[in-house]
Amino acid sequence: MAATAPRRLRLGMVGGGEGAFIGAVHRIAARLDDCFELVAGALSSDAARAQASAGALGVARSYADWREMARVEGARDDGIDAVAIVTPNHLHAPVAHAFMDAGIHVICDKPLAVSLAEGEALARHAREANLVFALTHTYSGYPLVRHARELVAAGELGEVRVVQVEYAQDWLATPLERDGANRQASWRTDPAQAGPAGCLGDIGTHAYQLAAFVSGLTPESVAAEVHTFVPGRRVDDHVQAMLRYASGARGMLWASQVASGAENALRLRVYGTKAGLAFDQEEPNVLWFTPQGGEARRLTRGRVTGEAARHATRVPAGHPEGYLEAFAQLYRDAAAQIRARGEGVAPPQESLLLTTVDDGVAGLRFIEAVLASSAANGAWRSIG
Amino acid sequence: MAATAPRRLRLGMVGGGEGAFIGAVHRIAARLDDCFELVAGALSSDAARAQASAGALGVARSYADWREMARVEGARDDGIDAVAIVTPNHLHAPVAHAFMDAGIHVICDKPLAVSLAEGEALARHAREANLVFALTHTYSGYPLVRHARELVAAGELGEVRVVQVEYAQDWLATPLERDGANRQASWRTDPAQAGPAGCLGDIGTHAYQLAAFVSGLTPESVAAEVHTFVPGRRVDDHVQAMLRYASGARGMLWASQVASGAENALRLRVYGTKAGLAFDQEEPNVLWFTPQGGEARRLTRGRVTGEAARHATRVPAGHPEGYLEAFAQLYRDAAAQIRARGEGVAPPQESLLLTTVDDGVAGLRFIEAVLASSAANGAWRSIG
Amino acid sequence: MAATAPRRLRLGMVGGGEGAFIGAVHRIAARLDDCFELVAGALSSDAARAQASAGALGVARSYADWREMARVEGARDDGIDAVAIVTPNHLHAPVAHAFMDAGIHVICDKPLAVSLAEGEALARHAREANLVFALTHTYSGYPLVRHARELVAAGELGEVRVVQVEYAQDWLATPLERDGANRQASWRTDPAQAGPAGCLGDIGTHAYQLAAFVSGLTPESVAAEVHTFVPGRRVDDHVQAMLRYASGARGMLWASQVASGAENALRLRVYGTKAGLAFDQEEPNVLWFTPQGGEARRLTRGRVTGEAARHATRVPAGHPEGYLEAFAQLYRDAAAQIRARGEGVAPPQESLLLTTVDDGVAGLRFIEAVLASSAANGAWRSIG
Amino acid sequence: MAATAPRRLRLGMVGGGEGAFIGAVHRIAARLDDCFELVAGALSSDAARAQASAGALGVARSYADWREMARVEGARDDGIDAVAIVTPNHLHAPVAHAFMDAGIHVICDKPLAVSLAEGEALARHAREANLVFALTHTYSGYPLVRHARELVAAGELGEVRVVQVEYAQDWLATPLERDGANRQASWRTDPAQAGPAGCLGDIGTHAYQLAAFVSGLTPESVAAEVHTFVPGRRVDDHVQAMLRYASGARGMLWASQVASGAENALRLRVYGTKAGLAFDQEEPNVLWFTPQGGEARRLTRGRVTGEAARHATRVPAGHPEGYLEAFAQLYRDAAAQIRARGEGVAPPQESLLLTTVDDGVAGLRFIEAVLASSAANGAWRSIG
């Protein structure tokens, strides 16, 4: 008998009204692989704006308040299956708890929360409620990032010795937040909304997650310094860190939002006893693999044959996929897991690379260790 | 008053059942910007397969025959607004005529048809029926391709002197069609389905269209040679051509499906009296612009500020967009034009870069001229 | 017993006075591997300038006239072993004959001569006089060009199907020759000094030679067009050509000196049934090799292990070598051959990749065929 | 009156017998611009080997002992003007003192010495003896490195905020020194010959010097860790460091000889308030300059018009120069300074970018601070 299309999951969204960069990204990502339909939203903390956004976006059920939305949607027979949380960081935890209380799965932007304690409570809640809690570490959705992870896990690099990861941007090289016109700049540099970590929380956690995801290793300690270059800025806009791993591996992490000229330069290199690999987020259809003493091989999406990459690939080699597809991959994997929960079966193996609340907790542990080290003039501090 | 989301346009599809590469691409592209909902299909010439594909894809109304589909959908109040034609080439014309007869807009894969006469009839029909007829020359949907066109049009290159365009692949370097297992290889090398042009029609027309789109110039004559490298193949798998333009400009075009190692290497370079530019489809977030005697400038999607690029851009610089977004752009522009027709207003200016049946006719003129030149041992032949 | 350093060969130079780009290059190249000492020269057709240049360069014996130089040096016991000819093209032949008449080996810049007849006479003369006649097709001195040739010869590409070669510059995009200030622009665009081929002779022959050198194939016919873009220019500044090989292979050659933005962009791609390779003169420490359907391998100078590359390599991988080293390689190989002639032994195997008067003749055959084809509106013309 | 060629300076060499990589490099570099003639040498600590090497290289005066060589050459009327010291590190100081005692200028490989005290004594000696003491930090001889320095100095980057420098190799990823067959691996991993710093001294100092040279900034403190990955190795093969500058700038430095796949990957990035720049030693004909929020500009050797770059450039844009030319530049600048001393005049302005004993002292200060910090578990330590 022929397969039948599974029904689209019903998605709600909190935050992400018109004009918010990341809200639009989530909507495209949710739609791209046809797994979700956006049917409800509390798209802004401003009620009128929320309503207007819902209208403009064709969202059927608009709420002025996310608490009400959680309650109502949780009670409807045709209520949402999952909620996408795309608010400023400080709201991630309360919103997520509310929807989990209503039995609704969560897809949350990163960083997970504004403190480790908050994050751990979320992880506990998700576990106890048996809910899917995806955290959108976008870059782990790239096929070649997953392939890189697979290569390391398969021993193709030998024993990992060195991890070099960096994430450079330049959009905060000037005091963009000063006049309030750039909403994203404003909240991301406001500790009350962004949490205590600025650049560290926004992109440092991405770098940290990517390195851990691919290398399969979590550092045990860090010596770090956060720094604020732009006068008057209330959070860090630069972080540099050295890493030690239990295996003896060493690493460095650099993240900066004042690196003039850099767009979104997340780059990872991992060196093992047998080979090294390199990935550049801005050229995500390519992964470099070079044996010790040998020639670099330019692996490409669509030509690599590993299962993990294939699962995350839509179009053939030479037809570039990008950021939105990587993001969509997380939604696709979340959908697979949500459906499996609904059916009471184990989620498909290939969906398990989805980043979750646990990755978020790991990121918060890193943030706390970096801030502690920085406060101690760069002394080594244990991570978690 | 707040904007209201326009209703999603209803889309039908002919061809493109499960497993067909380009059908899946059209479906994602149609969905990505939330302009279309796929509601009807005659997804295969095999009735059972059509039904199975419709079920697996969740397409509400499945037809065993595209003639019936055109008739029924044209008669329904909630019939489809547009049909996507993703069949082998020889069916483009009859299918498109049938749907145009039913008053339904057309979004057709390229090449437009299997002969110039066929193509011209389609263009006439679309004009007389006042219907939108989009032709999916995907690569013209890239923001930086549109920006390149804008740079040339604005005189930033000076007078165009030289056009170099090439499109290299290697997937047909072996007789892939021989055992029939690869459906795409089979029909694309079958003159009865693909038309008289193989590589020339499949990718040569893309290269030709891209060069014309960006340079703003149509060559007046061509000296060319088509060639078949793989023994037993019934269509060309290689074409090389020299171009002359009325302005005195010169050009070369090369397309090959036996270029071992090449994935989907469509590359354009245009040189003018003041500057040159270069675009590589496999790195579509970058456009190179170099003044005569000067330094290359690496223009990036999201940082260039031209209107044409901005209209086709979804996410900021450094967050790569790719092939699917370029494809979606065509659907987005088609939607804008279809809506404008529905409202009896002029289409938005920014949607007018959509490639249409007229580009298809131009491509067929090129095919005929190349085949004529090749048959005349490479003598110069007028294009159109 | 320990090896003894061979004596440095004594080199003379005709042309190449101070300020002449290519004269300085020859002098560095001759010196770099310590094979030659420049001891005599007729460095300019202007006697005072010749004398001044000799003084400034520390050249021991300065001649006002190259005929006298040939005669005197040929008669001295410590006369020069070889002469480097770096004059405008029209003097290559008479100067070379004069020195060969004096029993002196020749190292000549390209193109060899201003007509095929002239070139063939030189080849005959060199053969009859049993003299080394090196022609400085610089790019064949790159280790990775030699390695590429070796890969093709070893069958690593399978049967060659497609050759794509191009050489783009922009230095003549404007009428640089008009005011006479740029001496090189002046003579290179003067048919009386450069010969009938402008861009075609200057860089088209380099492209042609490189393609033949690496592919191991000489095309049997060409369909071509030379063109002059810059008003008032007396030679071509642009050439485009299609190539046919006896094996059935196809090719294209493009050379332009009006390609705005291009510096010295000589690029070769060769595609065979099994793999393709690509070389870019501006990045000469890298050679790309990609199997059909496979991943690109970035071969690097110093890491490739072939004999041909090793012989032409001075420093380890990652320590870039460049144009001057490639040029020096020709001098080194010429020295080895000259010494072998002196000793009456066979030249070392590894020196035999030196380009010679025969490559020059091949280039002149190509020039004549291109000009003939162009005059016949691009009709196919046999090469040689 | 016409210029007269200055006489070639007479060069001696200590160390660098046949087969020693760096000795051959020095000889080519000395010869390339025709400033020096190698006339004397103590090419090996093994007398027979020294003699054999001298014979094979055509060095006129061979010494079994460098002390004797210094004495004899210092006393000859036609004694050497300068000595090139290319021994293992521990001999740099005694050899240099001996030749300076003889009134002979010094060109010494890096690192300068095996301790800061040794280095400071050399600097003092050179100053008191009024001798040129060049230290061959090769990479500062690249035209585009000098241009980068000029851009920073001219304020084109604004105020420097971030310095990122790294130097990765993989040649010591395995215990290459174990069997003694690789002479360079042996002495470079032997503390008695290399000094207390392995990777740190060999390439870490290059990275440090390059960063300081271009940025114009010397860090005031460092938090660092040296590490040895290869079991049994007696020196470090990996170093990671964080840097603080008095201006408030921050930086990171990474050097590794176990980075599998890396050849000679010295890369520098400097970010200022207005723009950033990037240089990769393996692609030395290119320098990237990107304004904050703007487009990357690919500056190329031969097209940049600054004086510093022009002085270090031999051939036009698009004709790659490499490592040997950068090295030769140091010899050329040293020659200019030596001649100026001889004539009692100020050295030419453009020769002053030559790296000297003072850069060596700075490097030793860095080594000592890194080792101190590493010994203190990465605590910040003042540099110098």
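As written, the chain order gives the labels A, B, C and D, with residue 1 at the start of each chain.
The criterion applied here is as follows: a contact is a pair of C-beta atoms (placed from the backbone, for glycine too) under 8 Å apart; a residue touches a chain by one contact, two chains touch by 3 or more.
The model shown is predicted, which means the values in this text are computed figures rather than measured ones.
Distance from chain D peaks, on a Cα-centroid basis, for B. Centroids built from CA atoms put chain B at 34 Å from chain A. Averaging Cα coordinates per chain places chain A and chain C 55 Å apart. The geometric centre of chain B is 43 Å away from that of chain C, both derived from CA atoms. Residue positions of chain C with contacts to 2 or more other chains are 262, 293-294, 296, 300, 303. Shown here, the protein chains touch in all possible pairs.
By the touch criterion given at the top, residues 293-300, 303-304 of chain B touch chain D in their complex. On the side of chain A, the complex with chain D involves touching residues 157-158, 161-162, 164, 166, 168, 170-171, 173-174, 223, 225, 227, 229, 238, 240, 242, 248, 250-252, 254, 256, 258-262, 269, 271-277, 288-294, 296, 377-380. Chain contact summary for the complex, chain C toward chain D: residues 2-5, 7-8, 21, 24-25, 27-28, 31-34, 51-52, 55-58, 169, 262-265, 281-285, 300, 302-303, 314-325.
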